[in-house]
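As structure tokens, here come the structures.
What follows is chain A paired twice: with chain B in the first complex and chain C in the second.
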Partner chain A sequence: MDRDKLSVLAISDSGFIFDPVTGHSYTANATGLRIFELLKEDKSEDDIKSVLMEEFETTEDEVSVDVDDFIENLKKYFLI
Partner chain B sequence: MKKEYIKPYIKKQTAGIMNKFGVSYNKGHREEIEGVPVGNLTDKFGSPVFVISEKVIRERYRKIYSYFSNKYPKAKMSWSYKTNYLDAVCSIMHQEGETAEVVSDFEYQKARRLGVPGNKIIYNGPYKPIESLEVAFDEGAIVNLDNFDEIIKAEEAAKAINKKAAVGIRVNMDTGVYPQWSRFGFNLENNSAFNAVKRIQHSENLYLEGIHCHIGTFMLDSNAYREAVRKVVHLMRKIESEFKISIKYLDFGGGFPSMNKLKGTYLPPEVAVPPVEEFIDAVADTLLEELKPDEYPDVYLETGRAIIDEAGWLISTVDAVKRLPDGTKSYIIDAGVNLLYTSTWYNYKVEIDRELHGAYENSIIYGPLCMNIDVVVESAFLPPLPRGTRLILSPMGAYNVTQWMQFIRYRPAVAMIMEDGSTEEIRRPETLDDVVGPERIPEKLKKFEL
Partner chain C sequence: MKIVVAVSGINAVDNPGPGTGICKALKESDLDVRTIGLAYDAMEPGVYMDNIIDKSYIMPYPSGSREAFIERIKHIHSVEKIDIIISALDAELPIYMDIEPVLTEMGIKMLIPTKEMFKTRDKLRLKELAETIGVKAPEYRSCTSIRDLHDSTEEVGFPCMVKGPFYEAFKANNIGEAEGYFHKIAMAWGYPIIVQKFITGDEYDVVGCGDGKGNDIGVFAIRKMTLTKLGKVWNAVSVKNDRLIEATKKVVSGLSWRGGFEFEVLVESKTQDIYVLEINPRFPAWVYFAAGCGINLPERMVKLLLNKEYETHSNYDSGKLMIRFTNEMIKDIKDFEQISTTGET
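Here is the complex of A and B:
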């Protein structure tokens, strides 16, 4: 996973994300933004899952599938 | 306290590109069917389960029949068995007064077994074994013949039981729609319909009593029915004056559309599908324009899907969630295309059993068949669905529980929601014995060691 790209993204609190390299923009929800922050902090995927489990009312199974899916999506968009 | 969890999402903004999928069509959730909670139905009957509403069937039927019979005095309806021949469904139709329209010896026997007298059966179709014709003639069924070989076969059958049997002919014609259904019956324009009548009237064992047509299915243009009625009435006149006979019945088959979304259509069915009254107007108004009151024949409709399709749903369960390599979201559910014959041409309405948050995405719904063709819905606009979400697919009432096939799994239960809100199992799920019952193993193959 290449996290260098993350540092150039402009991310607003409202969930608007702009990639100055490609000119593309994205929207994410609060949970998505939280994952962005954790990725930027260089947390491992497992760490991200545990943080979300601490902060939110959810289960390990659900978070695990969702985080994997979210990261797949970021790869698809070439954001990481 | 922990915060409420909403599934994470990120979506690329695509300014200026219109979403070509019917966005609003698949949105929304539904917690009950006709007042019965979805969870109660799956608790009682399992998943997947077909659900049929007695109330909706009766309402749809009464709406169509009363509209038709208010316009045309000798209106009759005959239930197209092949559309849905579950006993419970046919029984509702017969309680409402519909006779049985069958297209095979099996369907004929099924109607008789249910208690329909032979003279309340219309026997159609391009293949009628000679033995079944003998029974049908003996019991006084309406038999509509399809081709010249069948006229000869019918003659033999009538002769065998020493009877002069009444028959009808099925005709096909150009009604301005494409594709024209020309493979069933005798063509009008090339005169083969008239020649068929000539052949029948020459026979010592047959005589003509009616004319039948079924111009297509899921017709979207009611003008085709105006054209069909006009042409059939003209043929009737020509036959009556030429042979000095009186035609007892005309039968305009089925073909009215239901609120289903045909694949490849852009508009949702609420916009694309004209109301059923428009089709009945086309038939009844044209009849009244063309006929004088003293010559009114019985007129049958064999409406199938327009009555039953919207009275049926399938409840299924999401078993797995998968993102495909190209980024498309997909789900695997517990019902496949073997149960859902109509998935070939319909894009079903997909509803979920609960309110879910998250970004809607165009998603693919796959069945469990381990076959590439097992795509139940090619594109449904859905929020992220957790495992275990129930999907309610509709309309499902027409053709699926007749054309479904047993393949790698058992066929599931069919439940009926009765008018009083109670529920009944009208077909239990299959068991291993149901499937292997007809099989036989040759003696030498019975033993093996591994």
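Here is the complex of A and C:
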């Protein structure tokens, strides 16, 4: 997974994400925003899932679906 | 003493010319400029925009007599002492390229492409150009008859883009639509009509200006966010895309481009490949967007022509939005009478 692009994205606390290279903008919810932060910290997918399970007090299955979907979307939009 | 700059394309209508944006950029620059509008019709909105255009004159159509065109400029020059003309319409560029030596003798300066440069960026030579600058060109065919159109659409497939030689482009989903657009465009702009493969992706534009020696004097890139039915950009956001800027600089250096230009490309969604769609040989209608973000290309062009010092950087912020809007002015019928009867404001 190429995470270099994440460093150029402008991400606001409200979850608004702007890609200055493509001019596209996106909105992420609180979970998405947290996944972004953890990806930028270079955490592995497993680490991200563990952190989210703890912070959002949820099951591994639910977290896995969220993280996998979110990362798939990031790839689709060429953000990673 | 004021610098007198005459600007064409002051038709700020639903298919807007760049003239009013150029004048606005000049008025906001640090130059002391008197702007002269060169209109082709008494109803061109720029004629009435006296906040940015100091005086307007009606010009004879560029497709008419060369002598009449020169005579009109001579008359305007005798009154206004024009320093520079900024031509902003594709259809009039050939006559300006032709008469530039005459204008130079009169003391009027222009920064426009040569005939060879103008031909190189022709829509029918896109593939050649794309290879030179290291990007792709969508597959296309040139048509001058309905038979050509049928053959071309069979080869290119549907959906496809049906485009005019100067302006207008429509997406056709079947041969019925393609024929309709073919006739519509031919009636308005003549031949050839271009049938181009449709590629799914995002449209980007770069405005820039070349000094004629292979250097650019600034470039500014945008992603088109919303378009009008005529395919004109309505809202846009500034972007910093290195691949796009690099391709643009190759256009300028490869052609030793002289003058303003608009580099239109499409980035394919699936592959992120850059496809060149068009190179317009003049500033685009949204040129003021660049000026508003610190890349005032009309100002730099004027300074270059007058041998004044000018900036060449392309340092601007991404994430700036251009919001175009409609507006109304209330003028007196006497203003219309003045321009209609005397040919000037």
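Methods note: the second predicted complex is superposed on the first by the 80 of 80 C-alpha atoms of A that agree within 3 Å, B and C clash if a C-alpha of one lies under 4 Å from a C-alpha of the other, contacts with A are read in each partner's own complex, and residues count from 1 in each chain.
Keep in mind that, in the parts below, a residue touches a chain if its C-beta (ideal position, glycine included) is under 8 Å from a C-beta of that chain, and two chains touch if they have at least 3 such contacts.
Because the structure is a prediction, the values reported are computed rather than measured.
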Legend entry - Superposition on chain A - do chain B and chain C clash or fit: fit
Legend entry - Which of chain B and chain C A:A30 touches, first, second, both or neither: first
Inset, instruction - Compare chain B and chain C by how many residues of chain A each one touches, and report the one with more. - result: B
Legend entry - First, second, both or neither for A:V21, with chain B first and chain C second: second
Legend entry - Partner chain(s) touched by A:A10 [first = chain B, second = chain C, both, neither]: second
Inset, instruction - Using the superposition on chain A described above, determine whether A:S64 touches chain B (first), chain C (second), both, or neither. - result: neither
Inset, instruction - With the two complexes superposed on chain A, say which partner A:L74 touches: chain B (first), chain C (second), both, or neither. - result: first
Legend entry - Nearest-approach distance, in Å, of chain C Cα atoms to those of chain B in the combined model: 6
Inset, instruction - Could you tell me which stretches of chain A are touched by chain B in one complex and by chain C in the other? - result: 24
Legend entry - Interfacial residue positions of chain A with respect to chain C in the complex: 10, 18, 20-24, 78
Legend entry - Complex interface listing, chain C residues touching chain A: 202, 204, 222-223, 225, 237-242, 267, 272, 318-319
Inset, instruction - Would you pull the chain A residues touching chain B in the complex into a rising list? - result: 17, 24-32, 34-35, 52, 54-58, 62-63, 65-67, 69-70, 72-74, 76-77, 79
Legend entry - For the chain B and chain A complex, residues of the former touching the latter: 2-13, 321, 323, 327, 358-359, 384, 386
